[in-house]
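Below are two complexes that have chain A in common, paired first with chain B and then with chain C.
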Partner chain A sequence: MFSQCADPSTLSGFNWMLCYLTSGKHLLFYYSFGTVLILLAVTAPVALGFGFMGAIAARSHSRALSLLGKAYMLMVRGIPDIIFFMFFVIALDQAFETGLHYIRCPDWTEPIRTGLEFKVCPEAKIPPNSAPQIFHQIYGFALAVVTFAIVFGAFTANVLYGAMNAVPRAQLETAEAYGLSNRQVFRRILVPQMWVYALPGLSNLWLILIKATPLLFLLGVNDIVYWAQELGGSKTDSYAYPHDDWRLWYFLFLLAFYLAFTRVSEIVLGRLTARLSHGQATMAGEAMRKAAA
Partner chain B sequence: MTMTCAETIAAYAFRSIGLGERMLPKTGFTLCEQFTLIGSGLIWNIYYGALALFAGFFLANALALAKSARSPWLRKPAEWFIFTFRGSPLFIQFFLGYQAFVLLPKSGIDLLGVTIHTDWLTKAWCGALVVLFLNTAAYSAEIFYGALRSVPKGDLEAADAYGITGFKRFRRILWPTMLRLGWPAYTNEAIFLFHATTLVFFSSFPAFRQQGDALYYASYFADKTYNPFIPYPIVGFYFICLTLTLTFAFNAVNKRLNRHLPSNQRARIRLRPQLIR
Partner chain C sequence: MKKLMLATALVALSGMAASAQDTVRIATEGLYPPYNLVNDAGKLDGFEVDLGTEICKRAALTCEFVQNDWDSMMPNLNSGNFDVIMAGMSITEERKADRLFTQNYYPPATSYYVAASADVDLKAGVVAAQTATIQASHVAESGAQLLEFKTPDETVAAVRNGEADAVLADSEFLDPVVAQSNGELQIVDKVQLGGGVGAAFRQSDTELAGKFDKAIGEMKADGSLNELITKWFKDKAVLF
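What follows is the complex of A and B.
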């Protein structure tokens, strides 16, 4: 990156550190923080969507739909979420490939599962074997995002379901008395009012989601944990920048990153809660009214 | 050579703690083998969960008291401890803990003539337990701190009126009420602590001679058979049983803590997802 870094063996002190921290692999390490942020940016809205649908399904009058929604909500309660992560990443991949297999290779006679392997025809491989490495990485990351969205969607459904039930019944009855249809009551009264009840739960989920991002490492994505392992391990003299085992420092840096991220999120969410509580018939809203008066 | 299910159970039921057959199954992978070996791994989940929870309970009480203390010398360290462990992923804490434990001198530390062994800390059974212990202590301390702050003012005034003060007031009035108010949330913490124990062998801590927890064996089977649809539901089934047992046990304690209250004022335990840390 800098011209003086051309020959690392001549460097020492500050210059060595500067060149070391801007080496090609370190830049990849910094980009991987972007991977984490992309994961959060994509997962959060998708999980909110999944959760919203789950909560609506659970409230539905149709028995089948309601059972489906409740099963989705319940699934994350008794079973550790990491099991879902491990499961969905493989299961989704195999489901997609099996689907493609039946579409593209209808004449294929060999069984897909033999007990020791999972084998689909070459045309059904996602991405194709010949595809460049980057596509394999993108596909792996996409699977991870969908998995995160499914699991966190179930948590979100729990929170939103509770929030919908927390909206005072009288509000809905008043709306009904004014002749609003079920759909109108839902759209104009229930949904706008539920957010303030959902916010504590959603804030909590956001913090949990941040803390779940290192699990990307388990799902095979080259994330910040991967690079911290890779870069921190001791390097012999055959490397451009030899050093001892520095993993402790790299992980301390990750710890600091997560603590800072959590702290900033807490402050922002606190402000948001204050804004949404304004004028609400809740304890927080009442306290704000009294403080102003 | 095929084994009957009874033989499989005899060979693998305690495989996770090093008893029975040395080699893990390499072919076949019957349902019985998967059930037995994954169940055997559950021993470790229960070991970590139970010990960390037990030891963490005492530290959590101390931390909750320290956090509500007036003196900043007590309050600040407790606040920082709780924030550090609650604000960062357990996964990173495992990595960091392992790296730190590895750096300790191998021969042990001499302290006043007594040698403290440090090599244990790099082993999962001890090192991961220490991390889990500190982690659950921080989460529980926050719960107990919140409960301590919501002890009704009237209770304390009544204690004052009866002349109950000092440690006696804490032991007879404050502490039982704190426990009672915090118990439903603490039940959740306990359940999710047990769930978190599945992370141990996926973080830095190596599994000694393939002796791992339930998820370790489940992922072993999934890797070997390329079929996630059998081992993962099995480990899920085991955890549902574990969750139900825990809920039952904590409910019994909750009943006892609430026994003096009229039935309509008793706190109910509700499972809330709090998940990954």
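What follows is the complex of A and C.
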């Protein structure tokens, strides 16, 4: 980055540190914070969508749909994360490629599976082998988002399902007495009121999601914990900047990052709770009403 | 709608440059210097990266190195996410059962037991090794208590902080570690394991494996392999 960094072996003290902390590897470390933030920004709404659909399905009057919703919640919550992240992603990738294989190579005669091997025609590979590595990384990242969303969607579905059931029955009955249809009751009464009940559960999930991002490395995405471990590990002179085991410092830095991030989240979630409690038939809502009066 | 967009994106992604010559994707771990490492510019580097590049040049292949976690190497190879593993993988009979190896490109190497003091009990103590390596199975068979770690660096750290009595790993990896530990660590025992390091392929990929094997053979014959080994392993190099 800086011109004086061309030959690290001649450096010492402050200059060495400056060059060390701006090496290409460190820049990748700093970028990986962005990767994690993007992952969170994309995953959270998608997981909320999955959860919302799951909760609606579980509450459905149709028996099949209700079973489907409940099975989704039960199964995904019951399977250990590590299994999900090791095998589900490969299975998902293979499912896409198998589908594409039948569309693009109908004349292909060799079997797709032989023993442990999975082989589709080259045209069905996603992305193709010849694509630049960046596309492989984007694809891997997309798979990661989908997997995170499915896992956290199941937990969200359970939270929202509980929250929907927690809205006082009297509220819904009043709406029905006014002649609102089932759909209207759901949209105008149930959903606006359920958030305040869902929020404690959702905020838990959000904090767990923040801490779960190191699972990214299992999916081949180099996240902040991977880089902290890689950069902090003791380096012999195969590297340009040899040093001892500095993992403690890197992990302390991550600790500060995670603490700051969760603290900010808590503040935002606290404000959201206050806002959503306003005018609600809950204890918090009642307390706010009395304080104002 | 979302599904449709996803499908379109996938098709677009997979359609790109499909006509260009197929790239051979070589996976490595990037955590095992000097075999493979991520250099300070953030790029994959090391003996195997240099060697792989040279092999591809000789076999007229377009190659790309990718980084992959050691644990998920085999599932990803079989799933076709990459085509070759060059990650300091020792050739053993057990491994030959589910993958295809080239001839070795690094001679059967010595593994070192490294510990903080000379009087550790290697038969009954706690010995650290990397998961799913020949060293790990050797420790398990030796009767010592095996402590597994995901990365080589963590195995050494375990000895430094007293979690393990000793670490068993390739001598090439441990030599510089011991030399630069200011006398804190020392070599207490040596064992010969495996049949050298080779590149691994899917069992059905005999053609590609043949090309690699041929190039390695040529490089052994004209001495260029020895040159590469000397470049990366310096004075500790074991030559053919």
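Keep this in mind: the second predicted complex is superposed on the first by the 281 of 293 C-alpha atoms of A that agree within 3 Å, B and C clash if a C-alpha of one lies under 4 Å from a C-alpha of the other, contacts with A are read in each partner's own complex, and residues count from 1 in each chain.
Basically, a contact is a pair of C-beta atoms (placed from the backbone, for glycine too) under 8 Å apart; a residue touches a chain by one contact, two chains touch by 3 or more.
What you are looking at is a predicted structure, and each value in this text was computed from that prediction instead of being measured.
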**Prompt:** Clash or fit: what happens to chain B and chain C when chain A is overlaid?
**Reply:** clash
**Message:** Contact-wise, after the overlay, does A:S62 reach chain B, chain C, both or neither (first, second, both, neither)?
**Reply:** neither
**Request:** Kindly classify A:I79 by the partners it touches after superposition: chain B alone (first), chain C alone (second), both, or neither?
**Result:** first
**Asked** If you stack the two complexes on chain A, which partner ends up touching A:I90: first (chain B), second (chain C), both, or neither?
**Response** both
**Asked** Between chain B (first) and chain C (second), which does A:S181 come into contact with in this model arrangement: first, second, both, or neither?
**Response** neither
**Prompt:** Now for A:R247: first (chain B), second (chain C), both, or neither, which partner does it touch?
**Reply:** both
**Prompt:** Given the touch rule stated above, what does A:L218 touch, chain B (first), chain C (second), both, or neither?
**Reply:** both
**Request:** Applying the touch criterion given at the start, work out whether A:T22 contacts chain B, chain C, both or neither, answering first, second, both or neither.
**Result:** neither
**Message:** Tell me the contact category for A:N165 with respect to chain B and chain C: first, second, both or neither.
**Reply:** neither
**Asked** After superposition on the shared chain, which partner residues are touched by A:L116: those of chain B (first), chain C (second), both, or neither?
**Response** both
**Request:** Kindly point out the stretch of chain B, out of 56-64, 164-172, 182-190 or 200-208, that overlaps with chain C after superposition on chain A.
**Result:** 200-208
**Message:** Show me the chain A residues, by the header's touch rule, that chain B contacts in one structure and chain C contacts in the other.
**Reply:** 86-87, 90, 94, 115-118, 217-218, 245, 247
**Message:** Taking the touch rule as given, give the residues of chain C at its contact with chain A in the complex, in rising order.
**Reply:** 10-11, 13-14, 16-18, 20-25, 30-31, 33-34, 37-43, 46, 62, 64, 66-69, 71-72, 74-76, 78-81, 83, 98, 151, 153-154, 156-157, 160, 176-177, 179-180, 202-204, 232
**Request:** Over in the complex, which chain A residues touch chain B? Could you list them?
**Result:** 76-83, 86-87, 90-91, 94, 113, 115-118, 154-155, 158, 204, 208, 211-215, 217-218, 225, 228, 245, 247-248, 251-252, 254-255, 258-259, 262-263
**Request:** Going by the contact rule at the top, pick out the chain A residues touching chain C in the complex.
**Result:** 8, 23-25, 27-28, 86-87, 90, 93-94, 96-97, 100, 114-120, 122-131, 133, 135-136, 138-139, 217-218, 220, 222, 229-230, 233-234, 236-242, 245, 247
**chain A-facing residues of chain B, complex** = 27, 29, 83-84, 87-93, 95-96, 99-100, 102-103, 195-196, 198-199, 202, 215, 218-219, 222, 224-229, 232, 235-236, 239-240, 243-244, 271-277
